[in-house]
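In the two assemblies presented below, chain A is common to both, partnered first by chain B and then by chain C.
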Partner chain A sequence: MTVQAIDKKSEAETALAGAFEAMKGKGASALRQASWEFFARKGLPTRRVEAWHYTDLRASLRSVAPLGAPGAITLPPATDGRLRLVVADGAFRPELSDVAALPAGVELSSLADVLAKDDAAVLAALGLPENAGADAVVALNAALMQDGVVLRVAPATEVAKTIEILLLSTGGEARSSFTRSLVLVGDGAKARIVETSLALTPSGAQENHVLAFSIGAGAEVEHIADIGPQSESAIRLFSLLVTAQAKAVFKSLGFIEGGGLVRRQIFARLAGEEASVALDGVSLLGGKHHADTTLVVEHAAANCKSRERFRSVLDGQSTGVFQGKVVVRPGAQKTDGSMQSRALLLSENATMNNKPELEIFADDVVCGHGATCGRLDADQLFYLVARGLPKHEAEALLIEGFAGEIIEAIGEEAARDVYFERIRSWLANRGDGK
Partner chain B sequence: MIEIKNLHVSIGERKILDGLNLTVKDGEVAAIMGPNGTGKSTLSYVISGREGYDVTEGEVLLDGENILGLEPHERAAKGVFLAFQYPVEIPGVATMTFLKAAVNAQRRSRGEEELQTPDFMKMVREASTKLGINMDMLKRALNVGFSGGEKKRMDILQMSLLQPKFGILDETDSGLDIDALRIVSEGVNALRSPDRGFLVITHYQRLLDYIKPDTVHVMAKGKIQKTGGPELALELEKSGYRDYVGEAA
Partner chain C sequence: MAARQETVARVEEIDVDAYKYGFTTDIESEKAPKGLSEDIVRFISAKKNEPEWLTEWRLEAYRRWLTMEEPKWARVDYPPIDYQDLYYYSAPKSTPGPKSLDEVDPELLRTYEKLGIPLREQEALAGVEQRKVAVDAVFDSVSVATTFREELSKAGVIFCPISEAVREHPELVRKYLGSVVPVTDNFYATLNSAVFSDGSFVYIPPGVRCPMELSTYFRINEKNTGQFERTLIIADADSYVSYLEGCTAPKRDENQLHAAVVELVALDDAEIKYSTVQNWYPGDSEGKGGIYNFVTKRGDCRGKNSHISWTQVETGSAVTWKYPSCILRGDNSQGEFYSIAVSNGYQQVDSGTKMIHLGKNTKSRIISKGISAGNSQNTYRGQVSAHRKAEGARNFTNCDSLLIGDKCGAHTVPYLESKNASAVFEHEATTSKISEDQLFYCMQRGLSEEEATALIVNGFVRDVLQKLPMEFAVEAQKLIAVSLEGSVG
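Let's look at the complex of A and B:
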C-alpha cells in the first residue's frame, strides 16, 4: 500500500477546485462555500476513512470529467402509471418532464431556481442532516450541486401516481454531474418516489447524486433507487438522506445492476417517536463491477423501528460491499432494529465485504444483525435438478428466489414485474463475462 | 424395469456400496430395509445422479439403458423420481412456479410440447385435490414453513404430476405421524401401476403396513444380503439386523 501525504492534492481534487470556482456563484453561496471548505479539508475519501474502507474513491477517481449539458435526448419508454421528471447530465429538463400532470398538492421547482432565489426554508432543508455531516462526498455535492428537483407534497395529500426522478447520463463523452433533489413530505401525506439512474449510452460518467427526504409526522413514503447498467469505468455516488418524524414510515429499495463503481450511502434519522424505516437492497454484479452500500440508521427517538435486508449476487470478478451501522441514541428506548446482509457468490473470483455494526447507547432495546456469504446451496440445487431442471435453470431459479424475496416487498405491482424481469434477463446474460 | 448390476460406490476413500445387485420390475414395489449407515441413501442418490459419489464399477439400467452417464435432470426426464427423506426448503421460489418449471423441463427434455398455464393448472388442481393439498399452499415458497407431513405430501404431488417410470421413496416415513403416514402412503398407492416400479427404503416395518411390498431386500455392508417376500420384513421386525451385520466380512 502506498502512503500518500494528505496535504498534497490529487489531480482530481485540483480539478474539483476548478469546478467549484465555476459553480460557487450559482446561488446558495454560503452553503456552497462552507461545504467546499469542509470537503477541501477532508479530501476525497481513501481506504483510511473507515466508512470508505472498501471503496477507495481517491484511488479510483484519477481525473475529473468535465461538467456539461447534453444535446438532444431520446427518452426510453416510461413505466406505466408513473410521472417522470427528467434530470439529464446534471440539468433538470422540464420540457421532457410530466410537469403539467403533477396532481394538486404536489409542488415542483427546479433546484437551480430555488438556489437562485436563496429560499431560506429550502436551504435549511438542503443543509446536511447531522449524521451525514462527516461525509466528504455529500459535502462535495453541496459545493458543486448543479440542479435537481424540489418536490413539496402538501400535508395529508395522497399522491396516487408514482413520481420518477430520472437521472440520465447521455453518454458519448464522459461527463461529471452533481445533482441534488429534495422531497419535502407534509404530515400525513403519502407518496411513492422512484429515483432511476440510467445511461443512454455507456460511458465513464462521474455522477454524484443526493436525494434528501424530509418526512413529516405520520407520512408514508416508498422509494426505489434504480441504479441501472453502466460501463465499468463509470463512478456513481448516490447519497440518500432521510429524516423521519413521529409515526412516519419510510420504505426504500435499492436495485443495483452492474453499474460501474457504485457507492450507495444512506443516512436515515428516526427523529420522532414510532417512526419506522425499512431499507432493502438487491445488487446483481458481474464483470469487474463494484457496488458498495453503506448505511447509517440513527434512532434518535424512542419506540422506532428499523429493518434492513440486503442481498447481493456476485459473479465474475465483481466486488460487493455492505456496511450497515445502527446507532441508538441515549433515550431512544424500545428501539427495534434488525439488519441482514446476505451475499451469493457465483464465481471463485467474486468478493463480498460485509460489515454490520451496532452502536447502542440506550438500555432497553432489541437490535440484531446478521451477515452471510456463500455459494448456492448444494441440497437445494440437487432437489431441483432431480426434478428435471437442467443445472443452469435450477441455478437461475434459486438466484431469482434469493433476490426475489426482496422484490416481493415492493408495493407498486408494475415495479415488481419490472424487477423480476430484470433479474431474469440478468441471469440469462450471465456467464458471458458481463 | 430397473436393474442394478454389481454396483461399487465410494465417497473419497470410503467404500459405501460393494457389488450391489437388485432388479425392480415394472409394477413391482420393492422394499429395502437395513441398519443405519449401510448405504441405503447412497443407493438412492447414485440412481438419481447426485454429485460426490464415485461409481467405480457396475451399472444401473433403466429399461435396458445405462443411466449412470446421464445428468440428474436427464435421468428425471427418463422417469427416475426420488422422494426425499427431508425435502429441502427453497425460499423465494413459489411452489407453483417450481412445479411448472419441473413439468415443462421434463417435457422439453423428452421433445414434448410444454404445457400451457390453463392445462397445467387443471392438472395441478386435480392432483392436489386427491392429496388434500390446498391450492393456497402452492402460492407459498416451496416447502418453507411446511410441516414434515406437508413436505412429504408435496413430494408425492410432484411424483403424481411427473408420472415417473421408477420412484424411490427414501425413508419417507421419517418425521411423519401416523395420520401423515397414512395420507402419504395412500398417495403412493394411488400411483402404483403395472408400468411403474417403486423402491421403498425404510428402517421400519410400519411403513410397509401401508405400502405393501412385493419383494423385501435386506441391505447391509453395501450389498443386498437377503431377498424375500413381505414376510421377511415381519421377521426383521422381530429379530433385527444383527444376523446381517455380523455376517459379511
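Let's look at the complex of A and C:
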C-alpha cells in the first residue's frame, strides 16, 4: 500500500510521525500501521473537513507535547459508591485503582497487556467501527494508543456500583497522551460507567481519548463523560464509539466545563432492532474556551430510537459548537429520531455554531431536530428581578433551570447532586459576564 | 371542490412520460466554436458589442476560473463535466436583435406559444381588467423578445436584456454588476462571469412601484450548449418589484449545463420579490440526460428597511446546486426564503439558502419543503449567521421533508452561526412519510391512492405556494402533481 503524502506536513504532523515510530512496536502492529497510514493520508483535520467545520485542529495543534511518564500522584478523594480505575497521563495505574473491589462478572485488563498479547477478540473490537472510520483523530488514537482499560461485563450481570475511569492529567510540564478503553457489555447485562477527565494541576496537556462500548442484546449502559476544567492551552479530544445490539439501551451525558479546546465526538451505531440511545450534553463555557460536540447516530436497523438533547451556556469569548447528524440507513424503517440543541449566549463576544443534520434513506421514519440560540429571556428575567432577586441571581436561576433539565435525567442520584453543585459553583464564579 | 377536481384531472391526464416541454425547436443557430478559451470569451464579448471594460472583466474572470476547482461538498454525484466539450454561445440565426415582435422568427414564437408563454402583448379587453406580465424570453444565449417595454418605461422602469443594458445604461451596469456576487465568488459564478450571455436587467427608480409583474423565460434548445444567463435587478430607494423566472429545456440524452448568476440589490425601503418556477428537463426515468443546474443567486439588502424575498418551486433538473441567499446589510432589513423542492426519478437536489445578518434588527424567515420520491436524493442545506454587530437579529427556519417510497433520500444540513448574544435563532426540521392515517382518511372518502397523495402533498406545500404570485401558484401546483406522477405504488 502506498501512502500518499499530503502536500506539506505541519510541524505537529511531523512530530506525530516521530511518536508513531516510538509506539509502533507495542502490539497490534497491523492495526497501528493501517491506522497510521490512514491518518498520514488525511493529516490533522482542518475546517475543510466537513465534520471539523468549526474546529481547526491543525491550526490549534501547533506543536506536539512529548509522551511522558507521570510523576508521583496524590489522588483526590473518590466519589462515594464508585469504583475507580486510574489512567494517569496515558498509563493505567492498577496500584491506584480499586481493582480488587471489582464485582464478580466484571473482568479487567489493561490495554497495554492486551495489546502485548495480541488478543484477537479485543483487537477485532478495537478495529475502527464503520461509522468512525473516516475520522482522523480516532485513527491517530489507534496508531498511537498507549494504554487504557478493557472491561468485560459477563452476560446478565448487573453491576451495582458505578465504575469510574479516571483520566488523570498530572500537570506541570505539558504532555501528550493517547488512551483507548474498551467496555464489552454482554447480553442482558447492566452497567454504569463514568469517564472523568481531571487535571491535578492545569497544563497545556494534549489528550486523545477513545472509549468504545460494545453493548450486547438487551443490555443497558449508562455513561457520563465528565470533562472538567483545564488550562486554556490544553487540547482534549474525546471519542465515544458505541455499537448497540438489539434492544440494547445506551444513555450518555457529556458534562463539559471549559478548558482550552475540547472536542467530544460520538459515533453511535444502532445495529440491532429496537435498540435505543439517548445522548445528552451540558457545556458551561467562559474565557476563551472552545468546546465542540459532534455526533453521528447511525440507525442501521429498524425500530430503533434515538434522542439527543444538548444545552450550551456560553460566557466570555467562548465558542460552542454542536454538530449532530442522524443517519437512517436504507431499511431502517420505523426509526424514531429527535435531536435538540439549545444555546444561551451570556456575553457579547460568545459564539455558537449549530449544525444539526438529518440524512435519511428510509421512508417510514419520524425524525426531527430543533436548534435555538439566543440570550436569556428578558421577560423571565424581569419577572424574577421584579420579585426582588438581584439580576445576577435571577440569571443564575434561569441558567440553572436551562442546564438542569438535562442533569435531572441522570440515573445515579449522587451524581445529580454533584452536577447541580458544579453548575452552581460555575455560575458563582462567572462574575457578571463582563 | 374545484381545487380537488383540478388535482384529480391533472393526475389523470398525465401519461407515462410527464415532461411536457421536452420538444425541440428546429431552428438554425449560430454558435461559437466548441470549447472555452480567451478567444471564445472575446468572441462572446464581441458578439454583444461590449465595451472594453466588460471584455477585460470577463477575461479576468476567465483567468481566475482556470485556477479554481469545482466544488465537491454538495450531496450530488455526477460524472465530471468536460468544459471543453460545450458550446458557450448559441443564438438563433434569424434574429439579429429584433426590434419588434413581428421580426421574431415565427418558429420561435410558436415555441413560446407551445410553452404557454405570452409574447404578444394582449390588448386589454374592453371592461375586463387583466393582470399584465412583462416577459423577457431568453433562447439559448440570447434574449429574443421583451414585452411591454414601452409601458414600463413610462413608469421609469428599465426592463431589458442585460446585453442591451450594457450598451444603454453602462453606468448602472458598471456600478452594480458583480457587486453582490463577486467575480471570484465560486467556480460556477466565475465561469458565468467569463462567458455569461443573456439575461434580464431590471432597474426600478426611486419611489416607483413596478406596474406589472416582470418575468423572464429561459429556454435551452441547442445540443451541447451551456446556458449562462446573468440577471441583475436593482430596486432603488422605496421601490417595489415582483419578478418571476421560468425555465424549460428539450429532452436530450446528454446532460446540459446551466450556470446562472442572479444579483439583486435593494436600497433603502425597497422590496424585491423574486420567484422561480424551475422546470428544466429532469432526465428520463432511468436517470439519463437532464440539466445540471448550478446557480448562484444572491440578494443584497443594502439599504435600511429593505426586503428581499425568494420563492422557488424546483421540480426539474437532473442535478440542482442552488442557494438563493440574502445579505442583510441594512438595519431592519428582511430576508425571506420559501422553497418547494420536488425530486423524483434519479434527480438530485442540493438546495437551500443563506441568511447573513450584518445589520441591526435584521429578520429572516426560511420555509423549506422537500419532497423526494423514486430514487431521488433531496438535500436542504442552509446557513444562518449573525455577525457581531447584528444586534437583535432574528431568524426562524422550518424545513420539512416528505419521503414517498423507500429508495429515495431526504437530508437536512443547516448551519446556524451566532456571534451575537441578542440574536435569536430558531430552527426546526422534520422528516416523515405521508401518514397512513391521512391516506386512509382520504381514500376512505373515495380518492385513489394517487389522488390522495397529490392532495396531501398540496397541503404540505401550501405555505410556500401562497407566497407565489397567483397565476404561478396554480401552475406550480400542477407542476408538483406532474413531478410526482408514478411515485406511488
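As a convention for this text, the second predicted complex is superposed on the first by the 425 of 434 C-alpha atoms of A that agree within 3 Å, B and C clash if a C-alpha of one lies under 4 Å from a C-alpha of the other, contacts with A are read in each partner's own complex, and residues count from 1 in each chain.
One rule holds in what follows: a contact is a pair of C-beta atoms (placed from the backbone, for glycine too) under 8 Å apart; a residue touches a chain by one contact, two chains touch by 3 or more.
Bear in mind that the values here come from a model prediction, so they are computed numbers and not experimental data.
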{"item": "Fit or clash between chain C and chain B when superposed on chain A", "value": "fit"}
{"item": "Which of chain B and chain C A:Asn353 touches, first, second, both or neither", "value": "second"}
{"item": "Touched partner set for A:Thr372, first chain B, second chain C, both or neither", "value": "second"}
{"item": "Touching partner for A:Asp364 - first (chain B), second (chain C), both, neither", "value": "second"}
{"item": "Chain B versus chain C, judged by how many residues of chain A each one touches", "value": "C"}
{"item": "Contacts of A:Leu345 with chain B and chain C, given as first, second, both or neither", "value": "second"}
{"item": "Chain B and chain C, minimum CA distance [Å, superposed model]", "value": "15"}
{"item": "Chain A positions touched by chain B in one structure and by chain C in the second", "value": "none"}
{"item": "Interface residues, chain C side, partner chain A - complex", "value": "73, 388, 401, 403-433"}
{"item": "Chain C-facing residues of chain A, complex", "value": "50, 53, 330-331, 333, 343, 345-375"}
{"item": "Chain B-touching residues of chain A, taken from the complex the two chains share", "value": "377-380, 382-391, 393-394, 397-398, 400-405, 408"}
{"item": "In the complex with chain A, residue positions of chain B that touch it", "value": "48-51, 71-73, 76-77, 81-82, 84, 87-88, 90-93, 97-98, 101-103, 105-106, 109, 141, 158, 162"}
